[in-house]
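My structure is below; once you've seen it, I'll send some questions.
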Amino acid sequence: MCLAIPAMVVELCGKDEALVDLDGVRKRISLAMVDDVAVGDYVIVHVGFALQKLDVGEAEATLALLREIARAQQAAGEAGPAELP
Amino acid sequence: MCLAIPAMVVELCGKDEALVDLDGVRKRISLAMVDDVAVGDYVIVHVGFALQKLDVGEAEATLALLREIARAQQAAGEAGPAELP
Amino acid sequence: MKYVDDFRDGTVARALGAAIRAGARPDREYRLMEFCGGHTHAISRYGIADLLPPQVRLVHGPGCPVCVLPVGRIDQAIRLALEHGVILCTYGDTLRVPASGRLSLLRAKGRGADVRMVYSPLDALQVARANPAREVVFLAIGFETTTPPTAVAVKQARAEGLGNFSLLCNHVLTPAAMHAILAAPGGVRLDGFVGPAHVSTVIGSAPYEPFARDHGKPVVIAGFEPLDVMRAIQMLIRQIDDGRAEVENEFTRAVTAEGNRKAQALVAEVFELRDAFEWRGLGTVPASALRLRPAFAGFDAEARFAVPAVPVPDHRACECAAILRGEKRPQECRIFGTACTPDNPVGSCMVSSEGACAAHYTYGRFRVEAAPTETTRT
Amino acid sequence: MKYVDDFRDGTVARALGAAIRAGARPDREYRLMEFCGGHTHAISRYGIADLLPPQVRLVHGPGCPVCVLPVGRIDQAIRLALEHGVILCTYGDTLRVPASGRLSLLRAKGRGADVRMVYSPLDALQVARANPAREVVFLAIGFETTTPPTAVAVKQARAEGLGNFSLLCNHVLTPAAMHAILAAPGGVRLDGFVGPAHVSTVIGSAPYEPFARDHGKPVVIAGFEPLDVMRAIQMLIRQIDDGRAEVENEFTRAVTAEGNRKAQALVAEVFELRDAFEWRGLGTVPASALRLRPAFAGFDAEARFAVPAVPVPDHRACECAAILRGEKRPQECRIFGTACTPDNPVGSCMVSSEGACAAHYTYGRFRVEAAPTETTRT
Amino acid sequence: MRLPHSHPLDLEHGRIDLSHGAGGRAMAQLIEDLFARELGNEFLAQGDDGARLPACTGPLVMATDAHVVSPLFFPGGDIGCLSVHGTINDVAVMGAQPLYLAASFVLEEGLPLAGLARIVASMAAAARAAGVPVVTGDTKVVERGKADGVFITTTGVGVRLAGIDVSGANARPGDAVLVSGPLGDHGMAIMSVRENLAFDAPIVSDTAALHGLIADLLAAAPDVRVLRDPTRGGLAATLNEIAHQSGVGIVLDEAAIPVRPAVAAACELLGLDPLDIASEGRLIAICPAAGAERALAALRAHPLGTEAVRIGEVIADERRFVQMKTRFGGRRMVDWLAGDALPRIC
Amino acid sequence: MRLPHSHPLDLEHGRIDLSHGAGGRAMAQLIEDLFARELGNEFLAQGDDGARLPACTGPLVMATDAHVVSPLFFPGGDIGCLSVHGTINDVAVMGAQPLYLAASFVLEEGLPLAGLARIVASMAAAARAAGVPVVTGDTKVVERGKADGVFITTTGVGVRLAGIDVSGANARPGDAVLVSGPLGDHGMAIMSVRENLAFDAPIVSDTAALHGLIADLLAAAPDVRVLRDPTRGGLAATLNEIAHQSGVGIVLDEAAIPVRPAVAAACELLGLDPLDIASEGRLIAICPAAGAERALAALRAHPLGTEAVRIGEVIADERRFVQMKTRFGGRRMVDWLAGDALPRIC
């Protein structure tokens, strides 16, 4: 449910709106649901609205944890030979 | 101006209307402009209305006169060889 | 077609033509105006000119309701459709009449106007019934023939309480136009009129008496079939040669002296005279057109919508005015057949096939353009 | 796509899968319900099942707003469009939902209904602005994620005085549905929940505490990317094996304990709880949906138009109800893949690609149908 | 390609929706269960996005026409058979044997499948009767209000008959102008069922495939110079086209031009000229005057040409005018119609 | 046929009206001054209702497609060039050399002539560049609200290349599945300019004529078994069609399937699958695995195939399923899309 995707704010527009970018695709969205958005922030976009800001620190932390689990598992010898990111 | 054509009344329909026939083409028209129309009468049809009844006696008289003029002229030797109606 | 084909008989026509040739004086010209577009059309479509002696000169009059409608009135209809969003109903004849800004009702339709062709004014009522949430305007044109059906439609709308129906009324009067032609300063030389067929079924033959009595012009009311026209021409030639000026009736099968009283009463109930009305070609003619009576003012589109008729000058080169007054022939217009053709009419005489220019272009121009190898006269 | 592709990495996935396999007890089954269709979709689209040990059994929950919408609500929308002539705006997702009489909004469109797909509720406002003479109804569906945008649109409509805009409100509440599942008589055996991603960005993680605390079910809130789902499964297995029942948050990059207060305030301003609402599959669930507050009653399509929602029984053979409660799998429905396919859905779980049946049909049925020559497991 | 479909196509109550044009299973089902079933032949059965056909001997001819007739059903036919006849005729009047048709459909969302099924069955019957198979096709669906029920474009391929050279540019002064039967039946049949004109008339469309008639004509009179079907714009437009292509004039004899009484009467009521009204199963042939009787005899010997007559002659005229001696005894031009044939009141 | 016209066609401010389709002088002028002028070639210049073409050697191929794209203009193309490319491709994927096109237009009353002129010029340029002339055509005009600007049906005729036997029914287990470049650019370019979706993206349609690429491929790899352009329904529909026609299964490798980042991103935003999105200048080729590298090399040597890759293999599977190993490490089916590709919110 609730298709939403994080995109980067590249421009703040008048009246609580922003232009966001997702790999070159740019769309104007509403910021009516979130405060204090700045250019460079990632927001989660749903039906033309920013649902929430993405916490980049938390995102990186989650990724680091996932990679760590994977590395540990690889070290334990169970996963295939592929290079982990 | 005022495209109109005589057609024969083949049916009287409710509410001041009639079905007229012109060589097999049948159309429903209004009789709002004419009184005392009977089946078999010829009426002059314009924009879906009977404009006027056609006086069949006068029509035949006019035709007879035209043919008479033509015949007289043919007798006078001026017209071509065609058979007059 | 009974009582139609009979009056198109070629054998009778040839003999009647010979009789006319035999009867006409070789030493004079007969300048006869057929007031009606219906006659103009018949003359061209049947090639009647080929059967007449050269001294009979037919002059085309203004009796084509499309041709005499000023540009400003079509502009009004287009604005109603484009700006006021009404459903504009009208007869097929008016769809191609050139309006301002290179528009016409047909082109306005292409730009989003909701324009619907109707066959009868009662069809416009049906459109109004079927679209209760929309305003439906019937652009009415026509002479006395077409007016009574409009009157019936308006009365019917009132009876049904069809509040979304209204009328853009352009009904005009034949005798007033004939009078304007005769009264034109330095006007045309005319020896007589072929009088209207179907207009006369409604108004009768009596209204033409002043033209005979006061202006000394013979009038012969004629049917629209080609034998009717030829017979009327013969009758006019007789009157002229006899020095008479009377109203005669060739179309006795449909026209009486008093006309259709019921139709006249319908018109009188719904319409009243306008003080004056602009005619293309004739200018502003007093007491020459009708408008809705105050009792029917609710059905008057001009009152209901703010669309004044703005007079629009004709194209500079256009000779429609002179042609509609019978002063010039189509081929005397500088742009006839070049800039002005039935495909791209500049003047209104080029629009309807009853218009003098369109009839000449469509049916008759082989007579005046460079002759072909084969001779064109049989 | 930054912060998207990272969470779809196959190399990490394979190692994480191995870790889960290594960590899960071989002697027990883990029955985990992913409440959300977003998770159902990710599980199918990325083939996550292939990376999990067989003792992990994923149970699809009712978290697809299209799937839980009762037929009667779509019927309402269709009647608004076909009988009341409104412009019915809605998301692409709802257009193909089967309604009564073999209709759907898409089929109603083919029968003349003016149905418009929108991407955002603000687009529906734009339709209302552009069509001031028409009534425009926005058929709103969705859980807590989608409700605040609707609230913004309604507030905007009031601010602009858009009197021709109204809302057919079908916004529903996640915790109420989770509660209904756990409260179902003879309900499903579940060992834990993969908690909603985007719903939780709005409501926060706190509302799930009762499920852990009172029902003893661990909840791990997870993002919709496949690594999020796998990690959440790992966390759930740990809780279960540890005998814990807590609310944990895997989706920390977007979800906080308190959620989005601004969004919550918007919803609270515009909407209030309905006493009860009919859910497909779950029946009438108390306090499980929202309606407009009296202050916004003018924008309530249900108040403005006389279109009561008439309950419609599901197709006799349809097992959607059991599937939405997590009691059955799609392939256990007698008409799955025969009478009911995504092209001709009978039940709503076959409509959205987030529906359990559609996801299984579209992405997963190769697993259960007769095996091909090549082995399907890599 | 035969797919398992969960529901049979509901040809009774079903309607076209956008999925029927989206390239998925619904479209495949429509093609299999309606188009392929009705129109079926070995080429269509290949199931590819085009047809593999045999090699053919002789120069090719290709013609295409979009059919947008409204209403879709009319006395004597429908858009389906019309779309087959129209293109067969355009190939045949090039002096060719029509061999294959391609058909492309634009369907309006909401179109009743029952109507579409009638149309496709009618196409199939027409193609079968003519011996010219529909070998490939295409289906698109557009939103309601973006089309008018069904548009069908047919494209025909044929092979020119040996020893025949017909073209609109070949008319020569002195040639005779022939017509295979009464004019305007098709156009007037359509008008009789138009919502805003509806009248009752014993008029049925003349729609027919003319390649058999043409083959017989050319076998008897291989010196025929021009063949044309007087469709849009009627006889008037067709002859004006020929006059312009050939740089000649044409003189018609009104008394000889066949028009059925009901068609003439409907024209009178509507203020139209029968010479402007379309036929869809009539042939105009222009041939040397010396061969005219032989050509007429060949036409009259075929069921579609029993009422064939000579209606005029080609003359030298740099102005390329089409003229007509009227039955009344005068003469007039027969010009292209300006604009569409709109009913007149004056 | 050159007529004297009273006014030049107003290509700046003019609009299509019903007279442009009525068979009169206005139609003749539109054809002369726009269609014939732009598309002009010796065949079209014949001025008849069809084209007389040379004889051609070898078995014929015929394909037809209606083009109804909305909007008419989109990044990277318009309905004009698209209608040329689409049919050339359908002929070429039959293993044929496309030779001639027929084009039929359904125009909506009110269509600006300026737009039509751009479309026709674009068709002409595409046909010229491809060396496949439009040899005959047709124009119909329908009332406003009965079409959507312009519909163009093109029909192509070609001759099969000697020694080539490609068909959707020819795939065999073990064959390699190749694609000539990234998928979905065309469909996503269209969506980016749809009124209710409009987003800004560096996405241009891939519309292109593939017959040159195909000729090069077949010269290098005459053992290619299947060629297909993944248009409506995208790769998913095309491969499902082939699987059904050939009675096989297909297994794709998601990691190998080329999709441009912006196309993938737009799909994420709209809830669509790039495998369902149409391309109009991409080629799917299926060939014996042994010849795959030679075929890939031939594709990559052509400007339209530089990004060609191998994306999967054909397997034996009576169920005719298309499956995919996901980049993530799992497996799923790639089914036909149900209905139209509608943006989702959930």
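Think of it as A, B, C, D, E and F in the order they're written, each chain with its own count starting at 1.
Quick note on the criterion: contacts are C-beta pairs under 8 Å (C-beta built on N, C-alpha and C of every residue); 3 or more make two chains touch, one makes a residue touch a chain.
Going by UniProt, the chains are A, B = HypC/HybG/HupF family hydrogenase formation chaperone; C, D = Hydrogenase maturation factor; E, F = Hydrogenase expression/formation protein HypE.
Not measured: the values here are computed from a predicted model.
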Co-neighbours of subunit B and subunit A - touch as defined: none
Most heavily contacting chain pair (counted by C-beta pairs in contact): E-F
Taking each chain's C-alpha mean as its centre, the one farthest from subunit C: A
Between subunit B and subunit C, centroid-to-centroid distance (C-alpha), Å: 22
Approximate Å spacing (C-alpha centroids) for the pair subunit C, subunit D: 70
Inter-chain centre distance, subunit B versus subunit E - centres from mean C-alpha coordinates, in Å: 36
Residues of subunit C engaged with two or more neighbouring chains: 1, 4, 9-10, 14, 17, 37-38, 64-65, 91, 106, 119, 123, 142, 146, 341, 343, 354
Multi-chain contact residues (two or more partners), subunit F: 18-19, 24-26, 143, 261, 264-265, 268, 271, 338-339, 344-346
Sequence positions of subunit B contacting 2 or more other chains: 1-3, 5, 22-23, 46-47
Touching pairs - complete list by chain label: A-D, A-F, B-C, B-E, C-E, C-F, D-E, D-F, E-F
Of all residues in subunit E, those that touch subunit B in their complex: 199-203, 261-262, 264-266, 268-269, 271, 344-346
Subunit D residues touching subunit E - in the complex, by the definition given at the top: 102, 106-107, 109-112, 337-341, 343-344
Subunit F contact footprint on subunit D (complex, rising order): 1, 4, 8-10, 13-14, 17, 37-38, 44-51, 64-66, 91-93, 95-96, 106, 116-119, 123, 142, 146, 226, 341-343, 352-354, 358, 361-366, 369-370, 372-374, 376-378
In the complex with subunit C, residue positions of subunit F that touch it: 5-7, 10, 13, 15-19, 24-26, 29, 109-111, 143-144
Contact set on subunit F toward subunit D in their complex: 173, 196-197, 249, 251, 255, 261, 264-265, 268, 270-271, 315-319, 321, 323, 325-333, 335, 338-339, 342-346
